[in-house]
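Labels run A, B, C, D and E following the written order; every chain starts at residue 1.
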Amino acid sequence: MTSLVVEGLHVSYGATEALAGIDIRVDSGKTVCLIGANGAGKTTTMRAVSGLLRPRAGTIRLDGADIFGMRANRVAALGLLQVPEGRQIFAELSVADNLALGAWLVRDDAEIARRRDQVLARFPRLRERLNQLAGSMSGGEQQMLALGRALMGAPKLLLLDEPSMGLAPLFVEEIFSILADLRREGTTILLVEQNASAALEIADYAYVLETGRITMQGPASEIANDPAVIAAYLGG
Amino acid sequence: PVGAIEILSGPNAAYGTSIKAGLDLALDTINKKGILDGQKIALTVEDSAGNKDQAINAARKLVGRDKVVAVIGPTLSNEMFAVGPVTNERRIPTVGTSTTANGITAIGDYIFRTSLPESDVIPVTLKKAQARGVKTIALMYANDDAFSKSGFDVMKAAAEKSGLKIVAIESFGSKDTDFSAQLTKIKGLKPDAIGISALVEPVSGVLLQARQLGFGKETQFIGGNGSNSPKLGEIAGAAADGLIVGSPWFIAKPDPISEKFVSDFQAKNGKSPDQFAAQAFDAMFIVAAAIDRAGAADSEKVRDALLKTNYSGVMGPFTFTSGRDPASTEGVVVLEMQGGKFGIAK
Amino acid sequence: MTLLSTAGLTRKFAGLVAVDGVDMAVEVGSVHAVIGPNGAGKTTLFNLISGLVEPTSGSIDFNGNDISRLPVHARAGLGMARSFQNIRIFSAMTVLENVLTGLHSTITAGVGAIVLRLPGFHRAEKTAVERARMALELVGLSSKSELLAGALPYGDQRRLEIARAMAAHPRLLLLDEPAAGMNPAETSSLAALVRRIRDAGTTVLLVEHDMGFVMDISDAVTVLNFGRRIFHGPPGAIRQEPAVIEAYLGKKMAARLAARKDGQKAIAP
Amino acid sequence: MLSQQLVNGVLLGATYALFALGFTLMFGVLRVINLTYGFYFSAGAFIALFATRQWGFSIWLALPLAAIGSGLIAVLLDWLLLTRLRAKGAPELASLMVTLGAVLALYSAMTLLFGPDIRRLPPDVIGADALVFAGIRVTQAQFLVVGTTAVLVLALVALMRGTRLGVGIRAMAERPDAAELMGIDTARLAALVSFLSGFLAGAGGVLIGLNFNAIQPYMGEQMMLRGFVVIIVGGLGDLRGALIAGLLLGVIEVLTAGYLDSGLKEAVAFAILVAVLWTRPSGLFGQAVLRRA
Amino acid sequence: MTYPPWLDDFLWTYQNVIHALGINGLLALSMYVVLAVGQLSLGQAAFMGLGAYSSALMTLKLHLPFFVVLPASCVVPALFALAIGVPTLRLSGVYLAIATIGLGEVLRAIYLNLDVLGGALGLSGIPQRTETWMIYLLLIVAIAVLWRVGHSRIGRAMEAMREDPNAAQVMGVNVQRYRLGALVASAVLAGVAGALGAHASNFIGPNEYGFEPAVTILSYALLGGIGTPFAPVLGAWILTLLPEVLRGFSDFRGVFNGLIIVLAVLFLPNGLLALRMKRRAA
């Protein structure tokens, strides 16, 4: 059970301010969804939380512990894993090695094997291609690998940056049902999705991000029915 | 003021450093009583790093800014080919102490050298070898530096002239550490002797490897000028035993000037001098004496005075030929390595 | 009239047949969509057409020429342009420069003209800049033309890819998942853009998983599965095609497609 | 004679391979053209020189000491020079430049400290006699070089291919950010690789110094050209490749010198290696970097 | 021309430095051309050697006037670049670098083994024909040409292929041709620099064109940067001047020289002049 609290988060790239002080809470076991247009700062938020970016100011607490400015590998060790935007799989390693890396922090071999079986059962395509170099996989296959890799680490808090991107409709369904399963198992999730209506359907709570500021928040079902949101993000 | 250009940094710094130590030691003595009625010589030593451009820059700085009346050096023959024309243009006498390649003094009327060219030394060495019954010889040399290559040219010519049969000619790079291929090939040809023209490091390497490959006492090793260094014994140890080399000087030379030089050098530097130091030591005296005789720090007069040099130093009696090379080869003795030290070859 | 056709086009990778004897014809002036499950061979097909991958067998005909062995840059010279699924913009160059690079083959000034700054050079550069700005305008990136491309957010990088590919008004524009990373509102403006591009005379061949988008804009659809063509026809026909439903759409999506009103994002489960 | 020449070639090649192992690890894995590698090699030799000459250590003690010492130096230099650049996301070639400056300073400092002369390990640290089999002579030092090289190649291949650690190192090399996200402590892993590579360089310096009886500040610098050729022809980061390319280079050089003309040995060796690259543009075992459209 | 004596002395003293600054500037540009298309060559020293040797032979053996020799000096390197360029185009990055080093070493072996080329003794007695103005005129012309090419579709194509050759090809850039063109252009620049150098210093030897000079030339461009053609020239000037400026430190010269480079790169990893050209005219 893990919760995330972000307060007053500021991030700038050089002179340009990408996040102008945002507050986000992800309560333990909940799924929270972050929606916003291109360039709103969703990816920036994710990277700042997971430690890949050093924010300018603010607080980030994981289960009450301050993780502001902590390096990504230490954040990961606390159970926060991220599926990064653009897949970021290790192209020159095999599919099997990529999965093994996902379980880097897990020491127990039996446990690793168990999770691997789970992941491969979810993505049979990965099982067929265990020895293929990850970089030679198709875009969607890589997306599956990126998600599979994160699941190998059995995250307590999972950050997902557009997990359904590039997936065929059948697989999009699969991804959302996996997220629903994870939620049921108690994993806390922070989700960024362009496919906002699907995301809002499984989320408990949602934030709308516009040019670095939170402009709206509320229970997911309320947000999903907000006319402004529908016009801007759901395509109505 | 006098300038010197030597290699003080980079991979070849060993030579320049040794020369500088010789110059400094000489300068101590000279400046104790001074020249030209008690004036001291200011010696500026510039580093060339073994690089042509830096050597030229150093020469131009010494001549143009420091206004030196004479230049000692540079270290390598290759550098002299680049530096010589520069100093010669400004009529600054330039005295090479370690540049033994052919054609050095032909650069111009102001280029001198105090080191005996190989052509004067090697025939003496070969004669000694022949006296020991050597009839066939294999030659090895470093083909990438001017000193070794021109030493080899001389060795080859001298061997042909003296009727030795050359059974093989093998080359290597002066930075090489492996000579096994060449030595194995030579071993198959069973020559009586192997002549090596290279700097002391590769010569040591050749000898060490030759012993490993089973060359024994029956093969006479003959060194060129580069082998004439106490470092040979330090590096190659017993493997160098039996090598003969012709030299105008050797460390155990039974001569009071030389003995004093060796002990002073050891006292000052904590190690034994090699011939580069010895030659530099003499050259410093020769230049100082020439300035003294010239009566003024004037490079034209110094050049004329240099030509009239008649000096007796560590290396023995010394005069210049009209071609500005050392005149006398009398001092050449053949040395043999025994127990890591050079002694007179019997 | 066909602009592009492939015959028996095949590509194998170490035992895997990524594209398997595909016959396809793209009509001039149409928007033609290629869809299919992940790993079906769509991107490989694009790579074959643009020349980044060599066919194992089969041929590609473009505008009456067999181009199957032509070098990549020469195909661009014939009027072919593409965007990449895994974004490949020049991230150290500015946005405008990226688009200008897309105009490379249309600028005719030679080395002499460049070095001597002959009038021809200035003219060519000026037109190119105008065209580039127009392309940026169309994708909505004009205000960012001087930024370094690498600093753009993901969605904008996608738009830049499209602008770069269409700036030269190619005969054939290949778009690999142009709507990925865009929200439904952005997707529908992209659809409008694609229509405009087509109306301006460019034939568009695209790969996309957003079925609403595909249904909206395409004139013809080819469906690949395991490298093989399993369907070809008008978009309206795919939702009834059992093979396509089974392999790709799923029953839910097929039902939703059947029921959808135009312009609505159709992808939600 | 042919058999002796072949043995000569293999022995020479083994020294190239030994030099190249740590280099290919550092270069191929960390993707840094790190010219300080040659310095670790020299440093190892000098540490052993001191250990044996000043403190009277045996070679069996001096060797690991030198290897560990060089490894630590490598970690220190990596930290001083390269972590900053890595953190800044500097271009690959910046690391080449910074290490170029560093080696200039380091070799100069080393020459100032120890003098430019060639030295050798005490002759009695290892038996000088050659062993003779069927007329072929091999010294004990040469045995040591070949044996160590073989053992190291096996051990390293096992490490890089077969262990989690190896996979982690390769992941870090490709995408440090994503590796961090997996929980990999990239800073520590980079330090580990530096240590390993420095360790190998140091051991190589001692053994090769022992073999050729020539220890001198610039000895590493002089191996660099060959080292580059070997790791690149072998395929960056590929340990087997480094071994095979090293042996190939040694054998070609020796055979050219033995049967053609010793003046041409570099020319022939380099020409053949260039030809190898023409047929295999990413080296013998290298794989082209994958970047899909 | 008459100068006041102090100026005359100054010029004489620093003549070689002044020459070297210009010549090394040209070499840095020759490296820049290659790096600008994303290739890494360590063959620049070899090209320079070809220019130096061929021009020296033309002067010494054929007694051709310098205004013929200088332009002709780029012919051999350019032909050589063409010859090696075609097969090595398949290579990139360090693999190309090693291939070019290999070829440089082969050339070195030729210089060492051919008697007409003087072997290890090199060629000496080359008359001084290089005038300072020639060097700097050529340097200025080279910078101007590269600057203008940089600000054109070619410059954009070069930068694009540096980042992603495949994507550049898709844009219609004939990557192979640009690579070959850059290699030949760089050989021309290096060849001319070699000829100027040979006729500035009386002597050339085979070791001036080997591995170490190749790395030095590369470092000019790396220290300066490759954003504009001025950057590599600046790098060359600094690396040429440093050893001279540091003469006063005698024994510690190398140490300081190295440390200065280290600090420069640590603080300015993209080169001293990291500005990039705006690749858009008007």
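Structure notes:
Simple rule for what comes next: a contact is a pair of C-beta atoms (placed from the backbone, for glycine too) under 8 Å apart; a residue touches a chain by one contact, two chains touch by 3 or more.
These numbers come from a predicted model, not from an experiment.
Looking at chain A and chain E, the chains that touch each of them are C, D.
The chain with its C-alpha centre at the largest distance from the centre of chain D is C.
Among the remaining chains, the Cα-based centre furthest from that of chain E is the centre of A. Between the Cα centres of chain B and chain E there is a gap of 35 Å. Chain geometry summary: the mean Cα position of chain C and that of chain D are 48 Å apart. Chain A and chain B have Cα centroids lying 74 Å from one another.
Chain C has its Cα centroid 28 Å from the Cα centroid of chain A.
Counting partner chains per residue, chain D has residues 108, 111, 263, 266, 291-293 touching two or more of them. Shared interface positions of chain B, i.e. residues touching 2 or more other chains, are given as 9-10, 143. Residue positions of chain A with contacts to 2 or more other chains are 136. Of all residues in chain A, those touching chain C in their complex are 13, 35, 37-40, 43, 85-87, 125, 136-141, 143-144, 162, 165-173, 176-177, 194-198, 201, 231-236. Interface residues of chain C, counted against chain E in their complex, comprise 50-52, 71-74, 76-77, 81-82, 84, 88-94, 96-97, 100-105, 107, 109, 111, 114-115, 117, 121-122, 124-126, 128-129, 164, 168.
The touching residues of chain D, counted against chain B in their complex, run 1, 4-5, 8-9, 11-12, 15, 108, 111, 115-120, 123, 128, 130, 132, 137, 139, 208, 212-214, 216, 218, 221-222, 253-259, 262-263, 265-266. Those residues of chain B that touch chain D in the shared complex are 9-14, 17, 143, 170-173, 175, 177-178, 180-182, 184-185, 188, 201, 204-205, 208, 211-214, 231, 234-238.
Interface of chain E with chain B (complex): residues 9-10, 12-17, 20, 108, 112-113, 119-122, 124-125, 128, 201-203, 205-208, 243-244, 247, 250-251, 253-254.
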